[in-house]
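A single structure is presented below for examination.
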Amino acid sequence: MNSISELVSMPDVQGAYDRRAIALDQVGIKRLRYPIAIRARDGTVVSTVAYFSMSIALASDRKGAHMSRFIQALESSSRVFDPEAFATFASEMVQRLEADAGQVEVTFPYFRRKRAPVSGIESLMDYEVSLVARVRASAVALSTKIVVPVTSLCPCSRDISEYGAHNQRSHITLTVEGALLPTIDTLINVAESSASSELYAVLKRTDEKFVTERAYDNPRFVEDLIRELAIRMDADTSIDRYAIEVENFESIHNHSAFASVARTREPR
Amino acid sequence: MNSISELVSMPDVQGAYDRRAIALDQVGIKRLRYPIAIRARDGTVVSTVAYFSMSIALASDRKGAHMSRFIQALESSSRVFDPEAFATFASEMVQRLEADAGQVEVTFPYFRRKRAPVSGIESLMDYEVSLVARVRASAVALSTKIVVPVTSLCPCSRDISEYGAHNQRSHITLTVEGALLPTIDTLINVAESSASSELYAVLKRTDEKFVTERAYDNPRFVEDLIRELAIRMDADTSIDRYAIEVENFESIHNHSAFASVARTREPR
Amino acid sequence: MNSISELVSMPDVQGAYDRRAIALDQVGIKRLRYPIAIRARDGTVVSTVAYFSMSIALASDRKGAHMSRFIQALESSSRVFDPEAFATFASEMVQRLEADAGQVEVTFPYFRRKRAPVSGIESLMDYEVSLVARVRASAVALSTKIVVPVTSLCPCSRDISEYGAHNQRSHITLTVEGALLPTIDTLINVAESSASSELYAVLKRTDEKFVTERAYDNPRFVEDLIRELAIRMDADTSIDRYAIEVENFESIHNHSAFASVARTREPR
Amino acid sequence: MNSISELVSMPDVQGAYDRRAIALDQVGIKRLRYPIAIRARDGTVVSTVAYFSMSIALASDRKGAHMSRFIQALESSSRVFDPEAFATFASEMVQRLEADAGQVEVTFPYFRRKRAPVSGIESLMDYEVSLVARVRASAVALSTKIVVPVTSLCPCSRDISEYGAHNQRSHITLTVEGALLPTIDTLINVAESSASSELYAVLKRTDEKFVTERAYDNPRFVEDLIRELAIRMDADTSIDRYAIEVENFESIHNHSAFASVARTREPR
């Protein structure tokens, strides 16, 4: 269907000169779903399915990016990522696209095995995790974002009521940047311990009693939850910048309560 | 731009004969957003924004439907709907499309003013409501679907714990069919009274104490909630068929508990 | 924390007698995310991440289901599924919950390697697949649902325009039931070949020319697309029942065009 | 139910002193759905349904925000907004919550009547619009965000193919900040004119021919579309800052192409 001459003569539309002189921050692809694996610090490799957003900064004189090369970069990689491998992948992608800067964001469900607090029965909990690698002038900055579902129990409802207290599922979204980031598991642990209770897939009756009472013993406004976590982030000097948002899917309202805070560490 | 001769000569591709002899159940448009108004039985008219799905049954020998006519039908209508006006609109749409059968589904947020249970402070609660009109052989069958957010409080958690009980937001989805359907408000009332507590946008502290204790006094499994509502639906002889689904966004898990039941009344 | 006497004395709230005499169609859990693997007919095993909905039919005299057992059933299984293993899993789950009937639905992204049509460059395409097993009186009925994204090009736009034709991404949702279902790959093949063109993750310029011209050479209304596929389903006697919906995310409108058809084969 | 003494004695948990010394950027509510009306510059008032996010900055020594006051602020307002009324509402909300800073974001579908380009038939197009008011030290900064769906037609596909060109629906998301912002309609006009074609709800055959050929005559990469719009934003000196993202829901892929740019005007 395509002769060699035709192939040779096809115009490189994207590679053309652009006279509008407007540089673009990001040009690329998003919502690309691909299977990947995550390698933990202990060497364990876990399979998951990710959404990728991959982009380059486009110079003001270039008409466009060669979009197919983003996926070819992914195909050429091992698709097994730890922070180092992910940073290398981002750098190579930027080179392949002949750009000076670029960004890869990969978002995936991350599972970890948990033991129910009393019965010890095991099951998996799922968390949404994103890794972002920003490449500028051959340096790569990494950040990690996790969404941790927890229980929050309202201190006001508890204090003013004869019995009971409203509680609900909440989402803690924690983003951290820095040269030596904590592991995903460490970040999840810190987030879960800031809440009224953590969640589990399997709870038997003895466990349900335990988590019900633990939540009642640890009431937390959305403001408390975010402050408890902020204190922990402030204390970790490996973190250069963090942002936290907590959202409570209120059980007594049809809207959410939320709080957010972002802090950048002063350079020493 | 288009001469009359050009207009006249444009082929009516959709109106052509189709030799494949396959009748289609529904052909039409969906995800069309349009502003409408709902007229209550007391004459009050409330503005809202709806998503429409509009379709006809396509005869086996017709190549296609004239899709633009669906929206022209909507443009020609008053877009102020009560059950009668909605049924008339569906009939006229089927005629305009030169079909024997068709269906309109309109989904919109419905608001009602509520007084907080102790302080009496007023605010609006939102509910997702769908009306469906099915036209067959010039008869129109109507159904109403409502999604009512409520509080559910777990009886097991309450019974086995020294104090507290996990609770959460739940969604009751109730669909009813029949010749003389209850009003949207009546259906919401029945659904809300089947739960551990109803929800409000504004609750002051005295109200929060009230709803916290009310939920604790009315524990409901997802199975209880659906059965309480089913009893009420069974008792209403104006309803020919109903379907209920209840989903609890569990505050101690990252998944939902759910239950469903559908019943058709035996013809008398 | 819990003495044995406490464990023994904890009331089995869910196991209690229910006097309301209302049987429920489904009681269970949904939106549970778990990693699984799919075994193809050639033995290949592919890792993915699934959402589970698991339920039993609840007898009218039983207060509730023991929700934690659903996940324990999943934990006890291999979580590697082919149709046979999936049917066995559903049966065992119903037994473990001490029910007469039940249902498992598992939805996951399914990937397959594709070669671009001219350059031959390989990449993965993702499809949303659901398997459903319905257990009734120890028999298990299976169904498969796939969502296949394709290109549709409008025949009317092509015929009436001097040049060009509007086209867009479309979703074909195909559900099939039967004793010996076609494989996921076979179903995808049939769906893709009913469209104006199939999709690919990577297309180089020679491929882009090819798919652009192929779509123009194969214009399809939403009605054509669904009829082409229905003809193929009618011809496959292993299929007892099928349902198809096609939705075009119209490039010239902000709403979708859609068509649907469902057919049950007459028993021989 | 509550005696006056009980009311008086209820602890003000949110108003208490917080010893953790962590100020929070935002504390408030989100996903609150409420009916509102938008007043255009010509005085026309249009009803719609909005989602609100309302927050204050929380001082480091205050335990929490009084969440119910956000909705009471909304209830006390006219809920008819133009930029001035919206800024006033945000200021009053911050005062009511006894804070120094705060933010209101309201997102709603915005409709405008369009005439099909040849037949002149009228219908409504919907756009997602957000208004944000940021209150700091009694000054209010406003921004407007619009999501405009359009058609994009690929220049590369057109140039390399004998006939046809792939095209698709795209979303232009444009955010502008400044003292005297352009109207919503002006922003939509500029965004639509940067694309290969604008969209309509109703198109008759003569119109469909027109928009098909117009798109073919105006091919635009995602990079072209964003640059055309950036040029227009650069030229409007009333705009202090803008951010644009364009996403193409590619008709030949199952992922999106996208581009983004943000620019802040140098102070004169």
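So that you can tell them apart, the chains are marked A, B, C and D in the order they are listed, and the count of residues begins at 1 in each.
Here is the rule we use: contacts are C-beta pairs under 8 Å (C-beta built on N, C-alpha and C of every residue); 3 or more make two chains touch, one makes a residue touch a chain.
Keep in mind it's a predicted model, so treat the numbers as computed, not measured.
In this assembly, D is the chain whose CA centroid lies farthest from the centroid of subunit C. Here A-C and A-D are compared, and the pair linked by more C-beta contacts is A-D.
When the contact pairs of A-B are matched by residue number across B-C, C-D or B-D, over half of them reappear in C-D. A separation of 28 Å divides the Cα centre of subunit A from that of subunit C. One simple way to say how far apart two chains are is to compare their mean CA positions; for subunit A and subunit D this gives 25 Å. In subunit B, 10, 32-33, 126, 156, 160, 201, 203, 205, 209, 253-255 are the positions where the chain touches two or more neighbouring chains simultaneously.
Viewed as a contact network, the protein chains are fully connected, with every chain touching every other. Against subunit C, the residues of subunit B that register as touching in their complex are 10-11, 13-14, 18, 20, 22-33, 53, 55, 58, 63-65, 67, 155-156, 159-160, 221-224, 226-228, 230-231, 247, 253-262. Note for the complex: subunit C touches subunit A at residues 1-2, 6-7, 10, 12, 32-35, 46-49, 68, 71-72, 75, 109, 111, 118, 121-124, 126, 201-206, 209-210. Taken in their complex, subunit B has these residues touching subunit A: 125-126, 149, 151, 153-154, 156-157, 160-169, 197, 199-201, 203, 205, 208-209, 211-213, 215-216, 249-255.
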